[in-house]
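Shared chain: chain A. Partners: chain B in the first complex, chain C in the second.
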Partner chain A sequence: MATATVEAPAAVRPAAETGSPLARARQRLYLPFVLPALAVYLLVFIVPSLFTVVLSFAEWAGAGPIEWVGFDNYRRLWYDDVFHSSLLNTLLILIGVGFLTFLFSFGLTMVLREMAGRKFVRAVIFFPNAVSALAISILWGFLFQADGLANALLRLAGVDTVPRWLADDNLFYVICMGLVWVNTGFYTTILMAAVDRIPAYLYEAADLEGASPWQKFRNVTLPLMWDAVAVSATLWAISAIKIFEFIYVFAGAAGSVPTTKAWTLSLYAYAEAFQPTGEARYGASAAATMVTLVLIVVLTLLTRRVTRRESLEY
Partner chain B sequence: MNLPQKGAAALAVAVLMLGTSACGGGGGASDAEEFTFWSMHKQDEPRAKMLGELAAAFTKDTGIKVNLVFQGRENLKKLQPTLVGGNVAADLVDGSQAGLLNLLQATGNAKDLSGLLKDRIPGEDKTVGDVIPDNYRQVIADAGKTYMIPTSVHTWQIYYNAAKLPEVAADPPKTFEELLALFDKSKAAGRAALAADGDIQGYVGKWLSQALIREFGPGNLAKVLTDRSGAGFDDPRFLKAATYIERLAKGQYMIDGWDASKFPAIQQKWAQGQADFLFIGTYGPSETAEIAGPGFTFRSFPFPRTEGGFTSEEVSLFGFAVPAKARHAANAEKFIEYFMNKKWLERIPADEKVMSIRTDTSTPVEVADAKATLDSGVPLHLQMDGVRGMDDWNVKIFLPMAKDLFAGKVTAAAFVAKLKTDTVNWWKVNG
Partner chain C sequence: MATVPVRLRPGRLLVWLVVAFDLLVLLWLVLSSFKTAREIFASPFGLPADWRLDNWARAWEVSEFGPAILRTVAVVAATALGTVLIAAPAAYALSRFTTRTSGPLTSLFAMGLGVPIQAIMLPLFVAMSQLGLVNSLGGLIIVYVATSIPFAVFFLTAFFRSLPGDLEEAAAIDGAGPLRTFWQIMLPLARSGLVTLVILNVIGHWSEGLLSLIFLQDPTQQTLPLALLNFMTRVQYSGADWGGLFAAIAIVILPLLLVYIWLGRRIIEGMTLGSGK
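Up next is the complex of A and B:
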């Protein structure tokens, strides 16, 4: 493989014409290997995405005639208070929940780095991520009921006026707490994997030079784990905007959508497409989805730019 | 080298062809006598057992095979993608009237079953139309088509335990004033008067929508809501209806935690005797019977009269529909006719404690009061007075605001003013 690239630089002599037999064979196999994946990608991703773009300019109940409405669906989003609050909630998850999740993840990474039995602890904190979000959100519902376990413990501790966790005004913040809890384990695991690869002698050298824990983190750990941080931040930006099932199951009841105060963009798109009792509005849903998509692209690019650093070799 | 390459290419082509054929859907129509039924019920529900027996008996009598699939409540959502194109996945579906109307009828995908109404029910002298009471006929017809054949009916009642409150059973409240007096009595006795699972916004909003229809009357509320100028909100009856709910909120009759719990916690508390009354659909008793236990006597009364004087009752129907493009529609229709026989419809009250559409089937004691209300000849109305195309408004504007009113967070006057503004604005972009 290395020989082929060295002997026949593509810019000078195309491999297929005069390259080695291996290069020619690779060239012949290129299409058969790429085509199936390309076809599947086109069929299940690109075509539906293009269809979504087209649909965002139409009104369609999922069956029956499609009626073109121009920018009406987008105009509706502009004037819809619930869309605005859903957008705000999404940003709150992205930034607020993201900040807390990474704060805890960094903290745990630092604590666990030198701790005995850290593999076990890592497995424990990763656990919420391995369990289905459905199961977790149902469990959270029971924990935070008006007379659930959380309030029972608070009462035992002598708190008289316990919080109404699941009231419409508080529900979203409880959801945010849940998201921090579920995601901290995941990102701690990724960050720890990066930290584990940092050679111990760098820390020994830092110790010898009298570095404080913060200095060690700032000057050794963080620069050497930066690639993992950048990937984690991008992963978070994408997944935060798409979070759906945790909120839908936790806050929704018996097939009904949750209070609009807890909606995010993905919940908004779902509720538009699958109106609880009325006609489906796929056009409106597609418009909301397009806004979400643009947001994901912009935020992903932004995250990549902010986290871009020179990669350090060690 | 050559052979594996060809093999890889062949494999790739095979994968592609497989993908294409999978996307294109299965083969054409079969000539076999059969049909496919996607049920809204789940395997572990009493109806599933009954449908299994029914399908077996139907096949035995007619030779038509039933491909019975228990898709659960999402059956219509799952059917929806297959309505596009000519390969609809089911020949028969069951569901709520609203679901069948919006998914099949409104999109031009419901087969007109008017002819079926005139067909004789196998084993009886009656036609299908004979056993569906006349007052439901207008509900199942739209644009000159009969888009569904109903099999069961639900309504809303205020439920209580007659074993604990015999005085209510002897003299149920008839007016809103009497209802509030009753709630005051519960409160004075140190009990929570009313329960409602606040996380289902429709349960709370039903109080207001029912008060509104008591004030305006069926058909008139729909006019108010669909008037894009919002003039109907200035009608004093609107404020009057909202004031009833404001008084309910001010009375502080609700069970503690009603707005900070997860369904079905609060209705279960009611079933355990922690609150006296529960306004719920006639499915309430079957949902709570296990918790309530044998000592609980389910009795109910309708939403009380208000000064408006209207007496109509909300109904929601459940039944069958046949997709317009169903390939075995005739077989599916035969199955519906077979189902409508008293012997089978009797299983709905017997197994599920629910009212069947036929008036000559038995009435479970749990829904006897509701049945008596419907049989008393009161007019019927649908949810939100049957207004169509406003579900978005209902979910985003009406229900959240109705909950705030019910919880005492806003006054009736502020509620009406804001509802008017928001509704007029909603119409501007949704009209």
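Up next is the complex of A and C:
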């Protein structure tokens, strides 16, 4: 694992430190060290986030007077079909793509546990995460062009009526498949690292008892990797909601956005505010972002609650 | 071991299929970048009949990649430097000094990891345009540094915490002040963590899309991701120069791929950090 994750003893500082000249000198340095980062963080994260909350109750086009409209923005979202499908798509990515990603990641982790060449496999399946999401997404779209690679393979397999992958109705599923592809590499790597820390003698003991692969997974691997699973779930909830570039690339033309059928909440928030053709609707964008934030908070709490177990020492 | 269950064999086949798929996609990208549009579709995996290097030249020129790459390199370098300069002292102080606020502040920074860009982009855009910092690389750098802070602090506090405390005490006994201890003892010790952070930062911003779309709307200021997006649009309008598009994608991906081949383990471990203990 990363050098940074080496377990550190809780008390790295000597107890007698407080009051010593060293401690006092350090006290004086504490503020100058922390303040720049804190100032930037407050100015660029905290203040704008609060302002976005305020904006979600207002009508504003970026300049001129701010008009207070109460819950109007939210009411409009409630009746907006595009918002509904954006929300639905976000949930579909969260749950559908998440389920498949974790299913494959668990599968790959189990197979890779006792396989030769696992480091190489890990390096290859992780690579889409380490290069440009933008370029990977363009490449993914290209696989599904009318006479692209996917259809060529289908024809080879004897399928004559190939699907129109990039049609408005299908585009989102193509995007979802791409997300599963990219993220499986990421979460397999995380789970693998956790499984690597499980001592081999536990498996040897299980073998002696005649445990089946499933029993070994259920009673040895899963309980001991549970912490990593919990963190991965939280990580997924947060990052899934943020996904933007991978979808944005599927826009047809310059400066425009993809078909609304493929929108997620992040696309919606961007398009409402920055779409070059339409007027800037900052209020609606801010309200959609508030929904996103609530979703993130609820999901983070929920995954924590669901995955909470007593962590096992080994 | 002779205990490898036979049942997992189809699983292995599947793993290798996935690996083969990833490698084939890469191979296909590189081969296609040397082919004519017709050839790309007719024989996806055949070698190009004649290697069309002019795809690369065309992609480079039409997309104006040259200046875009220069801008991107400047932005990425300044961002990484700025991030380290601001985050490293903060992370050091938060992880090694005993104060009442260090715990809560560390959590406050970590909270930023969950805040999506959408939540800050509107007020930030308005504020930056009033300061005249939209359509300027300096403005983009400021935004990048700021949005890098939560992860950088989170990453580096974990790293500093893992370093032994003895050296700090020894330095103090030898009469080094805390500032000198930080600069001459702790920073060099943390070098590998800092390097990892810089690599991740550079990879993340090399083709960052959302913020550059918002803050660089002037085509003469475009960075690499915007140049690629514009080129993609142009290709679709002007009679399908697919070979050129593949060359353009290759130009964007190749530097990252080389870095990945060179520093793969470190990148993987850095990106999946936080999932460990």
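Convention: the second predicted complex is superposed on the first by the 274 of 314 C-alpha atoms of A that agree within 3 Å, B and C clash if a C-alpha of one lies under 4 Å from a C-alpha of the other, contacts with A are read in each partner's own complex, and residues count from 1 in each chain.
Rule of thumb we're sticking to: a contact is a pair of C-beta atoms (placed from the backbone, for glycine too) under 8 Å apart; a residue touches a chain by one contact, two chains touch by 3 or more.
Just so it is clear, the model here is predicted, and its values are computed rather than measured.
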(Q) A:75 in the overlay: touching chain B, chain C, both, or neither? Say first, second, both or neither. (A) first
Q. Where does A:65 make contact in the superposed view: on chain B (first), on chain C (second), on both, or on neither?
A. first
**Q.** Partner chain in contact with A:165 - chain B first, chain C second, else both or neither
**A.** first
Q | Touching partner for A:121 - first (chain B), second (chain C), both, neither | A | second
Q: Would you sort A:260 into first (chain B), second (chain C), both or neither based on which partner it touches?
A: first
Q: Decide which partner touches more residues of chain A, taking chain B and chain C as the two options.
A: C
Q: Could you tell me if A:49 is touching chain B, chain C, both of them or neither one (first, second, both, neither)?
A: second
Q.
Quick one: is A:307 in contact with chain B, with chain C, with both, or with neither? Answer first, second, both or neither.
A. neither
Q) Is A:194 in contact with chain B, with chain C, with both, or with neither (first, second, both, neither)? A) second
Q.
Let me check the overlay on chain A: which residues of chain A are in contact with chain B and also with chain C?
A. 25, 29, 32-33, 36, 40, 43, 62-63, 142, 147, 253-254, 274
Q.
Could you list, by residue number, the parts of chain B that touch chain A in their complex?
A. 1, 5, 8-9, 11-12, 15-16, 19, 23, 73, 77, 80-81, 83-84, 96, 98-99, 102-103, 106-109, 197, 199-202, 256-257, 259-265, 383, 388-392, 394-396, 400, 403, 425, 428-430
**Q.** Complex interface listing, chain C residues touching chain A
**A.** 1, 3-5, 7-8, 11-12, 14-16, 18-19, 22-23, 25-26, 28-29, 41, 44, 86-87, 89-90, 92-94, 96-99, 102, 105, 108-109, 112-127, 129, 143, 145-147, 149-150, 153, 155, 158-159, 161-162, 165, 169, 172, 177-179, 182, 192-193, 196, 203, 206-210, 213-214, 225, 228-230, 232-234, 236-237, 242, 245, 249, 252-253, 256-257, 260, 264-265, 267-277
Q.
Under the definition above, what is the set of chain A residues touching chain C in their complex?
A. 1-8, 12-14, 17-18, 22-23, 25-27, 29-30, 32-34, 36-38, 40-41, 43-45, 47-49, 51-52, 55, 62-63, 107-108, 110-112, 114-115, 120-136, 138-139, 142-143, 147-149, 152, 184-186, 189-190, 193-194, 207, 212-213, 227-228, 231-232, 235, 238, 241-242, 244-245, 248-249, 252-254, 265-266, 269-270, 273-274, 282, 285-286, 288-289, 292-293, 296-297, 300
**Q.** chain B partner contacts - residues on chain A that touch it in the complex
**A.** 21, 25, 28-29, 32-33, 35-36, 39-40, 43, 61-65, 72, 75-76, 79-82, 141-142, 145-147, 164-168, 170, 251, 253-261, 271-272, 274-281, 284
